[in-house]
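Got a structure for you, questions after.
Letters A, B, C, D, E and F name the chains as they come in the text, with residue numbers starting at 1 for each one.
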Amino acid sequence: MEDANYVLLGVPLDSTSTYRPGSRFGPAAIREASWNLETYCIRNNLDVEDFKIHDLGDLNIFGDVGDTLKRLKQVISDTLESNKIPITLGGEHTITYGCVEAFHDIAILSFDAHMDLRDKYLGLELSHATFMRRLCESLGSDRIVEVGIRAFSKEELDYANKENLRYITSMEIKRQKPEQIVKDIQDALSNFERIYLTIDMDVLDPSFAPAVGNPIPEGLSPHLLLNILQSLCNHKIVGFDLVELTPHYDSGITSIQAAHIIFNILSFLESTK
Amino acid sequence: MEDANYVLLGVPLDSTSTYRPGSRFGPAAIREASWNLETYCIRNNLDVEDFKIHDLGDLNIFGDVGDTLKRLKQVISDTLESNKIPITLGGEHTITYGCVEAFHDIAILSFDAHMDLRDKYLGLELSHATFMRRLCESLGSDRIVEVGIRAFSKEELDYANKENLRYITSMEIKRQKPEQIVKDIQDALSNFERIYLTIDMDVLDPSFAPAVGNPIPEGLSPHLLLNILQSLCNHKIVGFDLVELTPHYDSGITSIQAAHIIFNILSFLESTK
Amino acid sequence: MEDANYVLLGVPLDSTSTYRPGSRFGPAAIREASWNLETYCIRNNLDVEDFKIHDLGDLNIFGDVGDTLKRLKQVISDTLESNKIPITLGGEHTITYGCVEAFHDIAILSFDAHMDLRDKYLGLELSHATFMRRLCESLGSDRIVEVGIRAFSKEELDYANKENLRYITSMEIKRQKPEQIVKDIQDALSNFERIYLTIDMDVLDPSFAPAVGNPIPEGLSPHLLLNILQSLCNHKIVGFDLVELTPHYDSGITSIQAAHIIFNILSFLESTK
Amino acid sequence: MEDANYVLLGVPLDSTSTYRPGSRFGPAAIREASWNLETYCIRNNLDVEDFKIHDLGDLNIFGDVGDTLKRLKQVISDTLESNKIPITLGGEHTITYGCVEAFHDIAILSFDAHMDLRDKYLGLELSHATFMRRLCESLGSDRIVEVGIRAFSKEELDYANKENLRYITSMEIKRQKPEQIVKDIQDALSNFERIYLTIDMDVLDPSFAPAVGNPIPEGLSPHLLLNILQSLCNHKIVGFDLVELTPHYDSGITSIQAAHIIFNILSFLESTK
Amino acid sequence: MEDANYVLLGVPLDSTSTYRPGSRFGPAAIREASWNLETYCIRNNLDVEDFKIHDLGDLNIFGDVGDTLKRLKQVISDTLESNKIPITLGGEHTITYGCVEAFHDIAILSFDAHMDLRDKYLGLELSHATFMRRLCESLGSDRIVEVGIRAFSKEELDYANKENLRYITSMEIKRQKPEQIVKDIQDALSNFERIYLTIDMDVLDPSFAPAVGNPIPEGLSPHLLLNILQSLCNHKIVGFDLVELTPHYDSGITSIQAAHIIFNILSFLESTK
Amino acid sequence: MEDANYVLLGVPLDSTSTYRPGSRFGPAAIREASWNLETYCIRNNLDVEDFKIHDLGDLNIFGDVGDTLKRLKQVISDTLESNKIPITLGGEHTITYGCVEAFHDIAILSFDAHMDLRDKYLGLELSHATFMRRLCESLGSDRIVEVGIRAFSKEELDYANKENLRYITSMEIKRQKPEQIVKDIQDALSNFERIYLTIDMDVLDPSFAPAVGNPIPEGLSPHLLLNILQSLCNHKIVGFDLVELTPHYDSGITSIQAAHIIFNILSFLESTK
C-alpha cells in the first residue's frame, strides 16, 4: 500500500434507492469482471497491471446513511493525506457526497442521466436524488458540471437554471461533435485546479448498461463516453467514483462495462502523470 | 374522465403469437415502468403530469380473437365520440385492427420491423401476421405507410409492390438523413387529415428492445425513432397504439423504452394541440 | 445432400473456455433462432429457402480437444472434396483450427474482439486463446487478417507487430468509413484466392451480443459488420464459421443475431456465385 | 418406424393459455433434457435405449385450435391402427382432447392440479380449462378419474359432484398411504380395459416443477407420483401424454422432471408388456 | 369499504434489508399472483370471492423508516377502529413493528426462520433484525411465540433463553407431529385473547420459497404450515401480515405461495367468525 | 494459518463437464453465500466463527486436467502434513481424485446421484464420469461407499455389482429409516479408520439444489442428508469436499444450501474432536 498511487474502495451502500435495488452488489461484480478483462488499454498503450493500485476492500456499512458517509469521508481523507488518488466503487450515488466531503477546494464533473438536485426526496435531505443539491449548497453551483443529463423534474430544472448550474443533456451531446462537448466542459471548469469525477452508470444508454438502478433511454455509448473522458482526464482529476451498478439485472455486461471504464480512466490518469 | 384529453386502454391479447408469447403482460409492465420514469419531457419542456389522461384499465379478453376485437372497437368508438384521443397498449399487433376499425376516413402510419401483409397465416385470416393485409383491403393500400421494415416474405414484398404500398426499410432509414425520412412519410400521407399511429416495439433494434415477440436485427434506436416522431406527431394524429412488448424476456429495459416513447408522443401531441 | 451447395455442421465443443462457458449450446440455439427468422434477405433480394443447404447435425465431441479437431478436419475435408462450402457453428473458437486444417492454400479473415495469439494459455498449446498463433506458425502471418480487435495482452500485440500480422481495431473501424476498412482488408488479402472467414460473435458490441463467452465493450454493430461483409463475401470465400455464442447468457437476441448473420453471409455468397 | 412400439409426437400448441404462456416450447425442452438423462430406469432395471420408440417430431400447428386438434386426432388414429402406443408431448392440456378423440371405448386417468371442468372459459367451449368437461359429456363422467386436484371453481366442484366424477385431491393423497390411493384409482377404473393417461405437469408441487403454465401449491412430489404410476401402468394403458411444461420459467429442472417421468412410464409399460 | 371485514394494505418498505433487497416489489407481486389463483379454498370449502375485503393499495413510503412506521400504525389504527381485520403485505419484516403498535393488549404469533432479536444491527435499533427485540421490550417476551426458527446468533439465543421467550425450531417441528406443535403454540398463548399473526416467507423451505430476502435451508413446507395455521386461526387472530417476499429472485412461485397462504388464512378466519 | 484446524481451498475446475457447465463459479458462490448465513449451528450449538479455518483461496487451474490434479494433490498433501483437515470446494467432481491421491490408507464415503464408474467417457480416462472407477482400481472397491445413487448406465451397475462396490440408492434411503442407512454405511466402512467424505450437490433433489451440473429427480432433502451426516461425521473424517455447484442456474439457493452443509459438517467434526 505504501507505494500505491491509487487506492480502491468498495462502498456497498444501497439504502435510499427507490426503484431497482442492488447496487450493494456493485463492488463485488466490478472486481469479478475486472479479473476477466484484458488489462492492456489500447487507447494509450498502457497496461493496468503496471499501475500501483491498492484495494482496501469494502467499507463496512452502517444502518444509518449519515454514519456510513462519515466513515467514508474518513477513509478518503486518509487516502488523500498519503497523496494517493481514491477510487470508489458504489453503491448508490449518495456515496459521492461522502467522498467529496473529504476534499478541499474541489469541483465536480458528473456523468449522470439524472440531476439529483431535489431539495428533499421522500422526506430525506440526503439521498441519491438530493445529494447534488446538497453539494451545490456547500460548494457553490459554479463548481459542478453535469453531463449526459436527460431525466429530471421541473423543480430540478428550475433550480439548475436559477443557480446557473452547468449541465449538458445527452440530446445536446448527440447533436454536437465530441470535441465541442469536451471544450464546453473544460470551459465550465477552467477556474478549478482540482476536479472530482463521478460516473453514474445510468449515463450510458440502457442497451449498453441495462443493470442500473434507474435506466433512462437515449443515453451515451461507452465509446463516446470514453472518448470524452480521454480528453478530460488529466492531472486535475484527484479522485473518482463509479456508482449505481445493480448487477443482478443482467447477465454481466454492465459489470464488464464498469470495469472497462475504470481501466480506461486509470490509463488516462497514468498517461498524464 | 369527463375532461380527459387522452384515454388509455390496455389490451392484454396474446393468442395468435407464434414465436415468443407474453405480450399479454405488456400493459401491466408499461404502467409499472411509467411510475418510475420522470414525467418531464425534455424535447419540448412539457410535463406529462400536466396532461389530462384517463386510464380505463385493461379490456377483458375473450377466447375468440374476433370477439375481443369487436369489443375493442366499441371502446375506441366510445372514446372517439367523446372527442378524446385513444391510446392502446398491447398485446399483440392484431389489436391495431380493432382500433382502426373504430375510425372513419383514417390513414395508418406504422412503425414495425415486419410488413404483416400475409394473406393467411397458419390458416388464420386475422392474426398479427396478416392484419395489415386486411387493412389494405378495407382501407386501400394508399392509406398505409410502413416504416422500419426489415423482415418479410417474398409474398409480402410482392403484394406491397403490386399494391404500391409505401414502405421504408430500416436500411433506407440508416442511409438517409432523418429529415428526408420525415419528408418521405409526410409526402406519402399528405392527402390524409386523420392518421392513426401504431408502434410495434420490434421496430427498435433488439439491443434497445430485447423483450419483444419477434426481435429482428438492424433496427432503429429510440433516439432516432423519437426524432422522427417529433416531426410527425401533430394534430393529424387522432389515436395511437404501442404493441408487442413481451416483458418477461428482459429485466425491464424494453418496458422502460415503451413508457418513454409513450410519454414523448403525448408531449408531441400536446405541444401541437 | 448430393446437390447441396452448402454443408452445415454444429461443433458443440466448449472445454478450453476460461470465462463464461456454454458455447456448447450454440449450434442448437442458432438452429432454433433460424426457424423463426424470415428467410428473405433484403440486402440482395434473395431467399435462403431457395439455397441448397445440407445440415449434417452436430459433430460428436471427444473429451480430448485434439481428437475432436481431427474428426472435425475430416468432416470438413469430405465436404470440400464434394465441392461444397462448409459452414461450421461453434462452440469455442478453437474449432476454427480444425476447420482451417482441412483447406489447402488458404488465407484467414477473422472478425474477433481478441487476437487469440498467445503462445500458451494455462499451459495449453491449443486453446481458444492460442489457436490463431498456431495458425500463424503453420500458414504464415501474412495469410491472416484480424478485424474488430480490441482486447489483447502486450505479448500478443508484440507478436502481431513483429510478425507483421495485419489487424484492424474496432477503434479504427469506428474512425474510418466502412469503404476504407473494406479496401484495407481487400488489400491485405489481395494475394490470396481462397479465403476462410471466421466470425467470433464477440466482435459485436455486447449491447447487440451479450451472450458470448467473453464480452468486450466498444465493439461493432451487426449493421456495420454486415455492410463490411457484403463487400467482402464473394467467390473467394470457400468456408466460414461463427463461434463463441453462449446462449444461456441472454433471452435469445444473440442467437437471433447469429442466425441473421449466417443468413446474410449465405445470401452474399449466393449472389456472387 | 415399422417395428416401433411407441410413437412420440410433440404438439407445441399454446394458444388458449391464460396465465403463463410458453408450453409451445415444451416438446423441444423435453427432448433436449432427455438427451442428458441416464436411460437406465432403476425402479425396474430396464433401459429406455432398448425400447422401440419412433419420434414423429412436432405436429404442424394451425391458427385455429379445432383444426390442430383434428389433425392431431388423425395422427394418433394412424398410430393406433398400426398397434403402437402414442405418446404426446404438450403443449397445453387441450391437446388431450384431440388425442382421446382417436380412441374407442376409452377411460381417462388424469393427474392434474386443476379439474378443467368449466362449461365455457372466456367464451370458448374448447380450451385448457374446459376440455375435461367436453370429455365428460362425450365419454360419460364415469370414465374419468382426476388425481392430484387442488384448484377449481365452485362451479367445477358442483359439476363434478353432480356427475359423480371421481376425483382425488392432493390433500387426500398426502393423508393416505400410496397403496390406498392406487387402490381407489384402480377401483374407479375397474370396469374399463383401455385407459388413456394424461399428466399435467402442474400436478407436481411447484418446488419440483416451477415451470408450468399455472403453478399451484401443495402438489405431489415426483417420487410419490412415480410410485403411484408404477402400480397403475400396465397393459391397460394404451396411450399417454404429458402437458403444460413452460420451460422458460426455470433453468431446466421441470424439463428434466418431465423427461424422467416419461422414461419411467415407458419402463413401467415395457415391464408389463 | 364500509362493509368490508378485511382491509388489505401493501407496505413496499425495503430499506434496512442487508442481503437480498427487493421486498418493495412484494405487494404488487402478491396481488398479480392472486388474480391467477383459484379463489375457492378446498380445506374448508369457502370462496375468497365471497369475503368482504377492501384493498387500500400501498402505503406511501418515506425515506425515514420511523416516519413510515408511524404512518403505518395510523392506518392500522383506523382499520381497527372500524372493527375490521388488517392484512398487511410487506415489504421487510420491520413493518410488523408498525402494525403491532396499533393494537392494545396483543400477543404475537410469528412464523419466521430468524429470531430478529438482535439488540442493534449495523448500528440501528429498529430494523428487520431487531424489531422483535423491541417488541419483547415493549410487550413482554411472554407475549411472543416464534415458530420455524432456525437461524440466529448466539446473542439472540441467549436473550431468548434469558427472557423465556417461547420459540420452536423447524427441527423440532419436523421431529414432532403437527398436532403437538399446535398444542405447544396454543399453550404458550393461552393467556391471551388477541393475537397478531406474522408470517415471514422465509419460514418456508427455500425449495418452496426461493424468492425471499434471506433464504435458510431446512424450512417448512406450505402444506405443513397451512395445516398448523388451520388449527390456530380463529377469532383470536385480529390482524396478520406476510413479509419478506423478494419476487425478482424467482419466476413467480414464491409470489404464488404467498397469495395461496393469504387466501387460506382468510378462509380459516372466515370459517371461525 | 499456523494454528488453523481446517484449510479451505477452492478448485474452480470445470473442463470435462458435459451437460451444464459453470462449476468453475462454485467456490466464489459458496464463499459469498457463507458471508450471509448465520454461523451458529443449531444441531449442536456450535458457532463456526469459533472454529480455526484458513482459506487458501482458489487453486490456479491449468488447461490440462492432469496438471491441475497434480497441483491439487500437492496442496492437499501439504495440508495433511501440517495435521489440518482439508476442505475442498469444487469445481467438477473430478477434483475428488486429486484430493484422495494425497491420502494414505483412505476409504471414501461419497454422496452423489451418479456412480461415476464409467471406464472411459468421451474417450477420457479421467473425468467427472470416470474418476470413481479410477479410484476403485487404485484403492479397491471395498473402500468406497456411494450413497444417494439414482443415475447410472447398465455398464456402471454391472461393474459395481461385479466389484461388490457398496452403493445405496436414493430409493432405498426413502424407504428406510435414516438410522438404518447410517448403520449400513457404518458397517460398510467399519474396517477403515480414515475416511474421505465427498458430497456432489446433485445428491440433493433438484427442488433443493437446482443449480448443479446434472440435476437428477428423486434426490435427498438437505434435512435428511444432514441428519445422516451428523451420525457419520466423527474423528474418522480426515478431509472432505463439496462439488458440482453451478451457481448461474438459479438465483442463489443452491449456493446457500452448499454453505449450510459445509457449516454443519464443520460443526459435526468440531463436536467430535
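Following the convention adopted for this analysis, a contact is a pair of C-beta atoms (placed from the backbone, for glycine too) under 8 Å apart; a residue touches a chain by one contact, two chains touch by 3 or more.
Quick caveat: nothing in here was measured; it's all calculated off a predicted structure.
> Specify the chain most distant from chain B by Cα centroid.
Computed centres place F farthest from chain B.
> Can you name the chain that lies farthest from chain A, using the mean of each chain's Cα atoms as its centre?
Comparing chain centres, D lies farthest from chain A.
> Tally the contacting C-beta pairs at the C-F interface and at the D-E interface, and name the larger one.
Between C-F and D-E, the larger count of C-beta pairs in contact belongs to D-E.
> Which integer distance in Å separates the CA centroid of chain C from that of chain E?
Whole-Å distance between the two chain centres: 56.
> On a C-alpha centroid basis, what's the spacing between chain B and chain C, in Å?
Here the centre of chain C sits 37 Å away from the centre of chain B.
> State, to the nearest whole Å, the distance from the C-alpha centre of chain B to the C-alpha centre of chain E.
Here the centre of chain E sits 44 Å away from the centre of chain B.
> Could you work out how far the Cα centre of chain B sits from that of chain D, in whole Å?
40
> Counting only residues that touch at least 2 other chains, which ones in chain E make the list?
Each of 205, 207, 250 in chain E touches at least two other chains.
> Sort out for me which residues of chain E touch chain F in the complex.
The contact residues of chain E facing chain F are 18-20, 114, 150-154, 157, 169, 171, 174, 205-207, 210-211, 214-218, 249-250.
> Per the contact definition, I'd like the list of chain B residues that touch chain A in the complex.
Touch residues, chain B against chain A: 36-40, 42-43, 47, 205, 207-208, 222-223, 226, 250-253, 256-257, 260.
> Over in the complex, which chain E residues touch chain A? Could you list them?
14-17, 21-22, 24, 61-64, 67, 121-124, 127, 248
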